[in-house]
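Presented below are the structures under discussion, each in the form of structure tokens.
There are two complexes below, and they share chain A, which is joined by chain B in the first and by chain C in the second.
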Partner chain A sequence: MNVLKDKKAWFIFIAPALLFYLGTVFVPIIQSLNYGFQDWNGIKDAEYIGLGNYTRMFQDPYFWNSVQNNLVYVVIVVLMQVFIGLFFALLLSYVKKGAGIFRTLYYLPAVVVTVAIAQMFRNFYSLQPLGLLNMFLDWIGLGYLQTAWLSNPHTALIAVSLPEGWRFTGMYMVIFYAALIAIPKEIEEAATIDGVNGWQLIRHIKLPSIKHVLSLALIMCTTGALRGFDIPYIIGVPGSTTELVTTYMYKKAFATNQFGYGSSIAVFIVIESLIAVLIIRSIFNSRKGEA
Partner chain B sequence: MAKKRMMSKIISLLAIFSLVATALAGCGGSSKNDAGKQGNSSDASNGKTITWLSARPSDGAIVQTMRELADRYAKDHPGFKLDIQVTSDRPSYLTKLRTLVASGEAPEFIDMDADPYAQQLADAGMLVDMKQFLDEQGLYDQFYEPALKYQELPDGSLYLLPMEYHLEMTWYNKKIFAENNLAVPKTIEDMITVSKAIRDKGITPIAVDGVDVWPLLRYAAMIPFRATGNEFARNLSQGKSKMSDEVGMQAANFAKEIGQYFQEGFATTDYTTAKNMFLNGEAAMYTMGTWEIPSFTEDNLPENLKGNVDYFYLPTIANAKTPNNEFFGNSGIGLAATADKFDATTKDFLSYVLKNYSDVYVAKQQMSPLKFTIKDETQFSELFLRVKKDMDNYGSEFAKPWDTLLDPDTNSVMSDLVIKLMMGAMTPEEFANQIDDTIAQNATN
Partner chain C sequence: MPSKKKALSFLLYFIVIAILIVQIYPVVWLMLSSFKSSIELTTKPFSMPTSWSLDNYGAVFRDSALLLYIKNTAIVTFSCLLLIVFLSSTAGFALVKMNFKLNSKLLLFFTVGIMIPIQVTLIPLFIMYKDFGLLNSYLALILPQVGFALPLSILVFTSFYSYVPNELIEAAVIDGCNIYQVFYKIISPLTVNTTITVASINFVLIWNDFIFSNTFTNDKQYKTISVGLQEFIGAFGATDWGQTFAAISISIIPIIIIYLFLNKYLMAGVSDGAVKG
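Right, the complex of A and B next:
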């Protein structure tokens, strides 16, 4: 272990990973930042236009519409992934036999290919031909609720958000479950002897003990949802009802050749995600106790 | 302790930063790397390899024809190879093409529509002037006129070659029409009346593919073509006309009205699903071009539709400017050659392809954009021969689809809005105003 005390050796060990990180992550970010100040359509020479793309962005109603949609998307996805995930994890922590089977089953959607999930949900929501959801509604006597979930402007955004939430609920469940079963048994036993009931045990012992994991999960899934792209891109209705910031960015950069404008939206996503992280961290840090 | 906390903060921030950044990596620098790989592969083999970046169906008649012609050509020219790189999904194809062009790696042949993007490339001197090439080879008159005209750029120049030739019509279910005493619509207004009567019987009047959007845009373009020819669409794309003009408003109102007669949830119905709805007898009408002839020949129709399918072309309006024998049709996505790679071999190969194209292509039951005559009628279906006659009687110009005229930005806004309009989520006035705003912005750019 002495070798690690040598600063040079230390640097040599981390250099490959650091260089890889800089090359694949940092350089593109700097490049995006640079493109964000340019007007470039990929054919003629790029032209620096200062903050032009950014002032345009802040005046673009379609952009703000996509920001709004994205917030709804984040709320739905985070609620599903963190809260339902946590709920299942708590339930699962009481299961003595066969927890492994449930864990695997719930985790399964996370390993399925995105396109397959998207296609599955498109069929699931479909009205003509009749999809599973509408069939089910009819079957339980709620046939009047049948609608084309993905094209109806009132339901489209929610319908597009659910698959993403559904997909990773199991993954977060596994993360929470791992944290929950790592809480030392002695603490729980001591609390039970002191006469703490089930709900109090969860509220005052279990949740505070996995606070670190909760904050990490919340950060991961919030930034993930802010960058959400694939499923809304595949099954979203071409129309502004399900436009997210990322799909809008893609559209501007690649469908309409405004690489500069697209990059400035990308920069917005980075800043937006960083702000979200700071907010979440400050919420968790302001609570009593050592973070 | 404080230092440690600071450190952990920095590390977690870095971790998050990298998470965020992976999303962005795709849009910035990585594109160039991909492009580089593409370019190298074509230079690696011995002899001349020509690459064709194609957006056509991967096993479709055109790709098959090109492959056969390339094989034949290779027999006389040892070492010659045509590398066909197919991306059938149009949005992915366009992304790939634009990225390659942006990084200066476009291969010898590329596919593109005669849209403002193609115009930009042509203006930048990146494409081969096909008018000049065809004249030089004496091939210009060998093409059907509408097929070539369709490929003309907004300024009337020709940089793209047609590889296919199609008319677009509305296929209808004769049985549904007969049972409800309905006649084939003669005017665009009749289409509404007929659709309403069918819907009142509880049948879906029109099956439409909303996912690809272009079939929807065709409906919006119907009235303007009848009223002004391609003038309105051209002027609109150049900011000389407005959507809120009379013709534009008529188009928007019609789009909103006809939208009610599409199948519910049409915005998420894809190409195959829409076609199958019609073929299963679930919808009375389906607008699609002659490339679908194979689906509608008697042999291929499902049992319950045999003898029950017919078609009509674009109905007219009162005081129409365009004759009845002009309507929607297209010669598909065009083939362009990049100027800096158009060497002697490439030129010779293209000339060889065009001179032999019809022989191979028509044998695959396809309408060729290069003039052809049918020698043995027994080889073709009745439907094919009937459509061939329609083609011979066609006027001089196709109705231009709007999506090939508008600039990319307006196009993408138009696609979004036309769906909203047809779903009834916005009024024709809102639609027109938002389109006009977008065009005004892009015209000043």
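Right, the complex of A and C next:
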């Protein structure tokens, strides 16, 4: 059909989207790479300093501290979203009546405005005035555990990680649930006839069947946590206990106008995410080899 | 055996409901608290409000610009949705249904965008907007949201188009339609569900955006809920939680209502995206 080879029409259909994408995603990335090699505060003339920002970054203890915090953040968020999400999904896949309602309501936290969640948790964690969590501890007789969760350096990082984990657990549950109920019933039935018990069914039939979804979710969740920003930025404490790579980059760029240095940290986030994707992919691919 | 099965099923529902409480109790608690006086808030935090006072809500509407922030958020969100649906449905159509060698490479180029962290574009966009005088404008919020929404949205549309039989297009062409009419009269009406799916996924993401709003606006006139809510809370000090909760409730009730109406489509987008991808 000639109409489907109409070059002009093709261009008219694609060009607007491509322009938006180039202008707001692609060009800025190239510029970020470029700024990363410059010493620039946005006002005086930019000066090319080669890898200067990167050497500075690798010698910057605050930067390394933020990388470390970010790893803890990733672990907590991934554990909650992928593992608890998977557990919820497995449970829900056995529910016959009302699964749809549970699914809808589990997902609810994911649509609530992040700032609202952040402020809500700030209240829960508060010691002065007494927040929900501390009241609850008192109520169940663990009052001696009360603390100002966000400003106590031992708990602050965990305290900023939990809301993020909590709010998207339902989203990952929805993804896993959809994958689980898409497994053909015949496979399960055949396995049950062969005498496979419930746990074996999960371990050897269900989980392997949704492996590609698991790996995709793990990638989404890990890269999401590596670029985690909102909640730690909003309720994190001044100082370094809750500093993540993104919040550090943001402060360097927009609070101290170190656009060059900020850009090199931003480039680090991209590279770090790519490495994470490659690692997760290779883990899942090697598992495929074993089976 | 039946009684054992019954017990198991009871246990299952018990756990599922317990999880549900953990998932939504914080939000319910917050909304209930917004009706309490500050004294009641601290003395009876877990009980139902005794008088269902609307004082907190009155104070929010009287003393804050929350309605303005909601209006701004709505303007930005709906402009974005219009653009996203228009751009991704047309581009997706050309990428799937039209015959060009470049198509697969372009699709890949678009989808790579899913992996790009938005933070990497903040500094260049900020500088670009500053140079063009776009900081503190709706446009500064709309442009990047649309750009970043395109990869996923195009992907959702292309997966729908790949199920549309070519015969349908052929028949329309024989009937005398040109390519634009094929798209506008034949294909678009079929994409209603996909359009709602794309719109609802992006609605949640854009309505909730914090980082773009926080970076590109500081003028009250253009603040969105995310940034406005934060400033609002600061302005009253951390102690007036009643008003804070009322403000939060006002800002999350619309999105929860819309979510409950559209959740079928949102679920379709979220789960299909991952299961098929």
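Keep this in mind: the second predicted complex is superposed on the first by the 268 of 291 C-alpha atoms of A that agree within 3 Å, B and C clash if a C-alpha of one lies under 4 Å from a C-alpha of the other, contacts with A are read in each partner's own complex, and residues count from 1 in each chain.
The working rule: a residue touches a chain if its C-beta (ideal position, glycine included) is under 8 Å from a C-beta of that chain, and two chains touch if they have at least 3 such contacts.
From a predicted model like this one, the values you see are computed outputs, not experimental measurements.
Between chain B and chain C, C touches the greater number of residues of chain A. Looking at the shared chain after the overlay, A:Pro129 reaches both chain B and chain C.
Looking at the shared chain after the overlay, A:Val25 reaches both chain B and chain C. In the superposition on chain A, A:Lys44 contacts chain B only, with no contact to chain C. Of the two partner chains placed by the overlay, only chain C lies in contact with A:Leu108; chain B stays clear of it. Judged by the touch definition given at the top, the superposed model places A:Gly85 against neither chain B nor chain C. In the superposition on chain A, no contact is made by A:Pro232 with either chain B or chain C. Judged by the touch definition given at the top, the superposed model places A:Thr169 against chain C, while chain B stays out of reach.
Applying the stated touch rule to the two superposed structures, the overlap between the chain B and chain C interfaces on chain A comprises residues 21, 24-29, 31-32, 35, 42, 122, 126, 129, 216, 220, 223, 227, 229, 246, 249-250, 253-254, 259, 262-263, 266, 269-270, 273-274, 277. If you check the complex, the residues on chain A that touch chain B are 21, 24-29, 31-32, 35, 41-44, 62, 122, 125-129, 147-153, 216, 219-220, 223-224, 227, 229, 235, 237-241, 243, 246, 249-251, 253-259, 262-263, 266, 269-270, 273-274, 277, 281, 291. Interface residues of chain B, counted against chain A in their complex, comprise 5, 9, 12-13, 16-25, 27-30, 91, 94-95, 98-99, 101-102, 117, 120-121, 124, 126, 204, 210-211, 213, 263-269, 273, 277, 282, 408-409, 411-413, 415-417, 419-420, 423, 425.
Residues 1, 3-7, 9-10, 12-14, 16-18, 20-21, 23-29, 31-32, 35, 42, 88, 91-92, 94-95, 102-116, 119-124, 126, 129-130, 132, 135, 139, 166, 169-171, 174-175, 177-179, 182, 213, 216-217, 220, 223, 226-227, 229-230, 233-234, 246, 249-250, 253-254, 259, 262-263, 266-267, 269-270, 273-274, 277 of chain A are the ones that touch chain C when the two sit in their complex. In the complex of the two chains, the chain C residues touching chain A come out as 12-13, 15-16, 19-20, 23-24, 26-27, 29-30, 42, 45-46, 83, 86-88, 90-91, 93-95, 97-100, 106, 110, 113, 115-128, 130, 143-144, 146-148, 150-151, 154, 166, 169-170, 173, 178-180, 182-183, 204, 207-208, 210-211, 215, 225-227, 229-230, 233, 238-239, 241, 244, 248, 251-252, 255-256, 259-260, 263, 266-267, 270-272, 274-275, 277.
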